[in-house]
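We call the chains A, B, C, D, E and F, going by the order they appear; numbering starts again at 1 in every chain.
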Amino acid sequence: MELILLIIGTVFVNNIVLSQFLGICPFIGVSGRVNTSVGMSAAVAFVMVLATIVTYIIQLLLDKLGIAFMQTVTYILVIAALVQMVEIILKKVSPALYSALGIFLPLITTNCAILGVAILVYQKEFTLLPAVVYAFSNALGFGLALITFSGIREQLELANIPNGVKGVPIAFIVAGILAMAFMGFANIV
Amino acid sequence: MNQWNNFLKGFIKENPVFVFVLGMCPTLGTTGSAINGLGMGLATTFVLVLSNVFISLLAKYIPDKVRIPSYIVIIASFVTIVDLLMKAYTNTPGPNGEPSLYDNLGLFIPLIVVNCIVLGRAEAFASKNSVTSSLVDGLGIGLGFAFALTLLGAIREILGSMSVFGWKIAEGFAQLFNPATEYKQGDGMIAFVLAPGAFLALGYLIAFMNIIKKRYAK
Amino acid sequence: MSMIIVYTIATLSGIGVVSAIVLYFVAQKFKVYEDPRIDEVENSLPAANCGGCGYAGCRNFAEACVKSETFDGLYCPVGGNDVMSKAATILGRNAVEKEPQVAVLLCNGHCDASPKTNIYNGATTCAIESALYGGDTGCTFGCLGHGDCVTACTFNAIHIDTDTGLPVVIDDKCTACGACVKACPKGILELRKRAKANRKIYVACKNEEKGAIAKKSCAVACIGCGKCFKVCPYEAITMGNNLAYIDADKCRLCRKCVSECPTQSIIEVGFPPRKIKEEAPGAVTGENAPADSSNSVSN
Amino acid sequence: MLKTFKTGGVHPPENKLSSKAGIASLPLPKTVVIPLSQHLGVPSKAIVCKGDIVKTGQLIAQSEGFVSANIHSPVSGVVTKIDKTPDTGGYKKDAIFIDVQGDEWIETIDRSTELNKTINLTQGEIVKKIAEFGIVGLGGATFPAHVKASVPKGKTAEYLIINGVECEPYLTSDHALMLEKAEEICVGIEIMKKAIGVSKAIIGIENNKPDAIDTMKRASTGYQGTSVQALKVKYPQGGEKQLIKAILNREVPSGGLPIDIGAVVFNVGSIFAVYEAIQKNKPLFERVVTVTGKEIAKPSNFKVRIGTPISYLIDLAGGMPENTGKIIYGGPMMGKAAINTEIPVVKGCSGILLVSSGESCRKAIEPCMRCSKCVSACPMGLEPYLLAVLGEKSMFDRLEAEKVMDCIECGSCSYTCPSGRPLLDYIRYGKTNVGKIIRARK
Amino acid sequence: MAKKESTFNNMLITLLVVTLTASGSLGFVYQLTKDAIAQAEANKKNLAIKRVVPEFNNKPSEEFFKLPSETPGDTICFYVAKLDSDTVGYAVETYSKNAFGGLLKLLVGFLPDGTINNIAVLEHKETPGLGTKMTEEKFSSQFPGKNPAKFILKVRKDDGEVDAITASTITSRAYCDAVQRGYNSLKQHQNTEKGGEQ
Amino acid sequence: MDKLITVSPSPHVHSGQSVSKLMYWVIIAMLPAFAVSVYFFGIGAIYLTLLSVASCVFFEYIIQKYLLKTPVRTSDGSAIVTGMLLAFNLPSGLPPFIVIVGALVAIGIGKMTFGGLGNNPFNPALVGRVFLLLSFPTRMTKYPVAEGFGTPMIIPSEALDASTGATPLGIIKEGIKSGDGIGQILQSEGLSYTDLFTGNIGGSLGEIAASALLIGFAILLIKKVITWHIPVSVMGTVLIFTGILWLFGFEGHQIVLDRTGISLPLLQYTDKNTLELVPFHMADPLFHLLTGGLILGAVFMATDYVTSPMTSKGQLIFGVGIGIITVLIRVFGAYPEGVSFAILIMNGFTPLINRYVKPRRFGKI
């Protein structure tokens, strides 16, 4: 039950994109097409869970040695290596999966959402299971926002957007209204 | 390249926020007030300048295949240094118990490491240019970023809390509209302080900059 | 030195080295062949992996560059022009310098010359009107004036002249991309060689009907009388389908044909005003010879 | 019980002004112009030359392939020239010009009016004769009738559907024909049944023609397997896919033909033409044309020789009203607006509609407000608003994915759109281009 | 600029060198800032305490104890402020779970006699512009100087003496509830202490 | 003949329906509800509506004419509808400044930024309303006590506490927060179903009178402006969902069987680390149907053409989504009313619905 509430809270109430402001760059950049967003969301979910597990273990080590301040450096190194490894392996093992998800992998290294969630897991003092659930539901939240958003953008492609706001500005404005709508979920858990 | 132009380009022509739309998370997440925006901008500038300088120094010696990991480590180190320094020296709460600057920026300080601007400049500029150029480039882009964040912060603060850099402009201003309203107590449109306002304000700001740029180009 | 520093160094270096080694072996073990140019292009990119180009990361963008024939719609906002030209060098793409051309409208049926015979009241695009109706002036070959070409041009090089109702190409803005030529359902836009000072001489008519009928629907129609054909000293003019056509490659811009045309359907553009007295033919060629040779240099 | 199709449809004001007018014959015009492309498919080839003397019913242009049709002279006289003549859109097409002299028919035609019920020909002979006598569908598409009558191998027809729906507002030519030639139509149906090898035929008639329903019911009682089905009034019930759905509750699959679900559809006019061809040896050179309009003095149905200029018909119906703003060749929903009145009547012309200048202009175009009224109106279950934008933006791959090729161009969408958007214009544009792409792929 | 050739050896060495230097310098900076950071952390707590209790000269952030609250399972933290070993006040970290956004945490400073000295909001999830007005003068100034023994810590709607924040009765109630809870714990503590002395 | 003949592709006739006719029917359908609000709130209702409509039309005109330089289309009536619906969603007695800001946000951000009528993905009036709710929560959650023509036109902020109250849902929410049972709360407030039907309750201008809104619904249906799908699915879902939650209590233990409510235990996350069993109160389905602008939203706002799905199947999904989210927010969330948010959220999903829910294609194999 607690975990279910955690999922709902993370996906809807404290949506990683719309209220935590993490992973905005891919949110704006890769949201032109619904299909691409689906691939991106899946890739993020995969890496986010994996990275959370690995950094969770690293953190145990850091805490043991009393060098928690090394968090940023070690996390990013590990995440970067991890992503690259996944990419290489995926390319060989399952080219189909690679062409569906793999192309998003490099983009994910420099995505605040992954590192951000890893750090948040630490700050919220989760144990491993809630940490994984938390990471996964953040990825879900990211996917929810991204896919909805790309649907809107695909539709806007057919609309007559005034020149000044075409492109990036309108994307932000849509995100703003979406964020406003999601405020409705405030305190739902 | 003329260093002055090199410096200036970060403000308008190659402004990381308005033009490249990079580093959006801190841009949105830390601009609830002008001062936070400025703080975040300066912290990023610090990392950007130092990593630019170091990478332009070291680029020659780093083999191609490991350059990205090496750069990341270098950048991450500077980020950690900023983090430590800010934790030590900008962590004093305000007189009425307002959260400290460090608390306000929170998560976004370590996240400088994944800010695309930093790695992007390292790779695209610093690794190929002289130390001075890289320094100026880092300063220009960094301050351009800081400028954008401060501007956005100021706009959101003015609209959202009727103050700027903490200074209340509300009192006199609101009376112009309707002295009778609650407004004179200095409420702004709170939506602008909240998440939606960040997106909206940034959207319109970029649109405005686009239009200006187009006019300017003509 | 305190233990903290030792731990720090040990952990970080440990993690660094371990991941480097693991990565190295993983990379060896799971090697896949890929076009080496992708690597090269990727290396020339900023590796910011920001997604600003619309692709999922720099490598993805590099692949797109290598795969596509041109750089249409491919642009790295972080690297800017430098990076793009580097990528172009790697892929050997900048060799495609074209002979400068410009779009020209082969119709002069402005409102006065070709009065309306019907009111067209459908969707205002040339493609749609021409699918059902030949045109509302009686000439079924001429410009419909709804400006599909204007919409097609991404360089703002065409606009409709409100007085004549015909599109006008601004030579300096035209990049000869040919979008308008493709867009025009009447096939009356043509890419022609660009001459010095944007001079050009061409028959502004595509009406294939017999002279009398053509003349009836449009005062400035080419009636296929062949007078220009006879007068052209360079055999640049060919006749066919009741029309004269001037081959831009052969035309030396001597302007003899222009005055021959009984319906003024040959148009000259970019020339200085004529002197009252007729110029000697030698002088004309002399004047224009350098124009031709400088052609390939300029632009 | 009234049947109808389920998806979409609209109900424009019917305005059947000439429904009581009967079919009038009219004097021959002085000259006729016979375009060589009067049917769907390859244009025919003229086999007469300038100066040739021709008789009524004589073959003057030959079919140029399977999907093509013979053309016979509608009058007797002299071929003055073979030249181009503008079609309704102003594009010039080849045509034979004939000066009328007298009215001498070729001998083989049986000009008597008595009903001939006995069918002597075999299945193959019937189809051959239909082809020979230049019969094309008179319901509008002018598809060569012999092609439809030759059921391809591997397919079997189960039902012959007779299209007496005439769902277009204003038009009454089929109505009038059913009232006057019910018996002949029933014999025609027997011929067609034999040709395509079916035993069941259903005549579909909309409920706004109760007299035609009665007449056809009475006439068809003697014929086994032929029945009349009354239908609820709804446009475009005359579209064959909708008609089959309404009567048989079967759907022609996307991209398929009626024969795929065992149906063949013919218009009542076509059936009458078949009757005349088989029983009276009369090629298709005249047809019933409705001349109508709110302002016209005498809305009428005329029996007209092909090639007669429409100005001639208009004069006989009381002349062109002062304020005519649009001349529609066909009905208001699917007809083409003609550029002038010099256009000749062709095989596919079922009516001439004169619209006053007040009504001839379209509504001003406003932005689409996504009211989805066009979606509910589309009988093919398409999304016209989307197809139109995609067409406008030339996004052809998406158009194909959105099934633009299924559109039957009925115009229900443009008719309903509160924003007055020229939806069908853009959809047609899209169809043309997608069609090109599909063909190029093959 | 010519790129450096990559071999396994120089790659490994570079990585090693980079990480070594990086971690070395990081460790160094950490050593430098360690104390300042600890100082700042402690400072934060002390500053908050300082705001709610009168002048003191001990280190309350180190002199604290916890008591179970009225609700079983929860604890309430007390910081004792002393001026030259005289207790001048208690900073009580109290809470209410009935605020609009759920949990509301306050630091209430009491004088030894139970009079409220000052209140600081530590943690809340109230609506900006509504519930957050509890930090504003207009509302918060109602409390200092009042002793809950005589002052009814309830909003006027519930027959108390506190003027609720406009449109935020819920927050106001929770605020009062939290203060009351702190006061009760304090009394309980003082009673047991007295009891202990006896 | 001298006159030029018109040519155009088919069809050559038109249904005669037009944007402005549809919009004016919507306005007419809103009039009964408007009349009720004038009856209860007096001049204030008229002032608020007029100001909102005027500002919406004004901003649309200015933006089209001077900023976008596109043809001015204010006469199509859509801005009037937006203005009226915005006013219908505001409490009477607001200072003009707030109303004008709302209109600017609705038209400027919600509509014209996207290119005007037909292009906006979100319901403009609701964008304006929610923006105001987030920006001026105090003013936006204070509803004047209805005193007919005696109600003050603009309530000064000093008098805010004295002359305002909350909506029935707000009352319940607050009551629940302080741990009371539903029946108890309603009894003390003296709310009856007759009041809910006739509009004798606190609330924003247009939401109060269920009966008047239903008359509007009938008008829209009869004039074929809208179809039944969205309103019925929204209201049906709310009835069913709240009904389930309400009935759920009978199987629970802690039941208060009174006229309007029951309470049942529910697990709630009350602290960072603890999960507690707290009493859970639930008003009955009819109460939920008649309050909180549900009918206003279902009939007038969710049905906005531009922002709702194109197919009837899609519209049903859309309506069910709105219903579910509304109940979730009302019962579990912070806000007493959830309709505005629910509609906006589902507006966000509309493009996806349109993408995946297609009409049944004729002859689909």
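By definition in this document, a residue touches a chain if its C-beta (ideal position, glycine included) is under 8 Å from a C-beta of that chain, and two chains touch if they have at least 3 such contacts.
Keep in mind the model is a prediction, meaning the values are calculated, not measured.
*Asks:* How short can a chain-to-chain path be from chain B to chain D, counted in steps between touching chains?
*Replies:* The least step count works out to 2.
*Asks:* Farthest chain from chain D, going by the mean of C-alpha atoms per chain?
*Replies:* The most distant chain relative to chain D turns out to be E.
*Asks:* Pick out whichever of the two, A-E or B-E, is joined by more C-beta pairs in contact.
*Replies:* Top pair by contacting C-beta pairs is B-E.
*Asks:* Averaging only over C-alpha atoms, locate the centres of chain B and chain C and give their separation in whole Å.
*Replies:* 42
*Asks:* What is the distance in Å between the mean C-alpha positions of chain D and chain E?
*Replies:* About 86 Å separates the centre of chain D from that of chain E.
*Asks:* Mind checking the centre-to-centre distance between chain A and chain D? Centres are C-alpha means, answer in whole Å.
*Replies:* 60
*Asks:* Can you pull out the residues of chain D that are in contact with at least two other chains?
*Replies:* Expected reply: 89, 336, 339-340, 360-362, 367, 386, 422, 425, 428.
*Asks:* Please output the residue numbers of chain A that touch at least 2 other chains, ranges allowed.
*Replies:* Expected reply: 25, 29, 67, 69-70, 73, 77, 81, 109-110, 160, 165, 170, 173, 177, 180, 183, 186-187.
*Asks:* In chain B, what residues contact two or more other chains?
*Replies:* Residues 21-22, 64, 66, 68-69, 73, 76-77, 80, 84, 116, 119, 182, 187, 190-191, 194, 196, 200 of chain B touch two or more partner chains.
*Asks:* Can you list every touching chain pair?
*Replies:* Per the contact definition above, the touching pairs are A-B, A-C, A-D, A-E, A-F, B-C, B-E, B-F, C-D, C-E, C-F, D-F, E-F.
*Asks:* Using the touch rule from the top, collect the residues of chain E that touch chain F in their complex.
*Replies:* For chain E paired with chain F, touching residues are 73, 97-98, 100-103, 127-130, 166-170, 173.
*Asks:* Give every residue of chain D touching chain A within the complex, in rising order.
*Replies:* Against chain A, the touching part of chain D is residues 367, 386, 389-390, 393.
*Asks:* Quick check: in the complex, which residue numbers of chain C touch chain E?
*Replies:* Listed in rising order, the residues are 2, 4-5, 7-9, 11-13, 15-17, 20-21, 24, 43.
*Asks:* With touch defined as at the start, can you tell me which chain D residues reach chain C in the complex?
*Replies:* So the residues of chain D touching chain C come out as 86, 89-92, 336, 339-340, 360-362, 392, 422, 425-426, 428-429, 432.
*Asks:* Provide the residue numbers of chain F that touch chain A in the complex, in ascending order.
*Replies:* Spelled out, the residues of chain F in touch with chain A are 67-68, 109-110, 112-116, 118-119, 121-122, 127, 130-131, 134, 267, 269, 275, 325, 328-329, 332-335, 338, 340-342, 344-345, 347-349, 351-352, 354-355.
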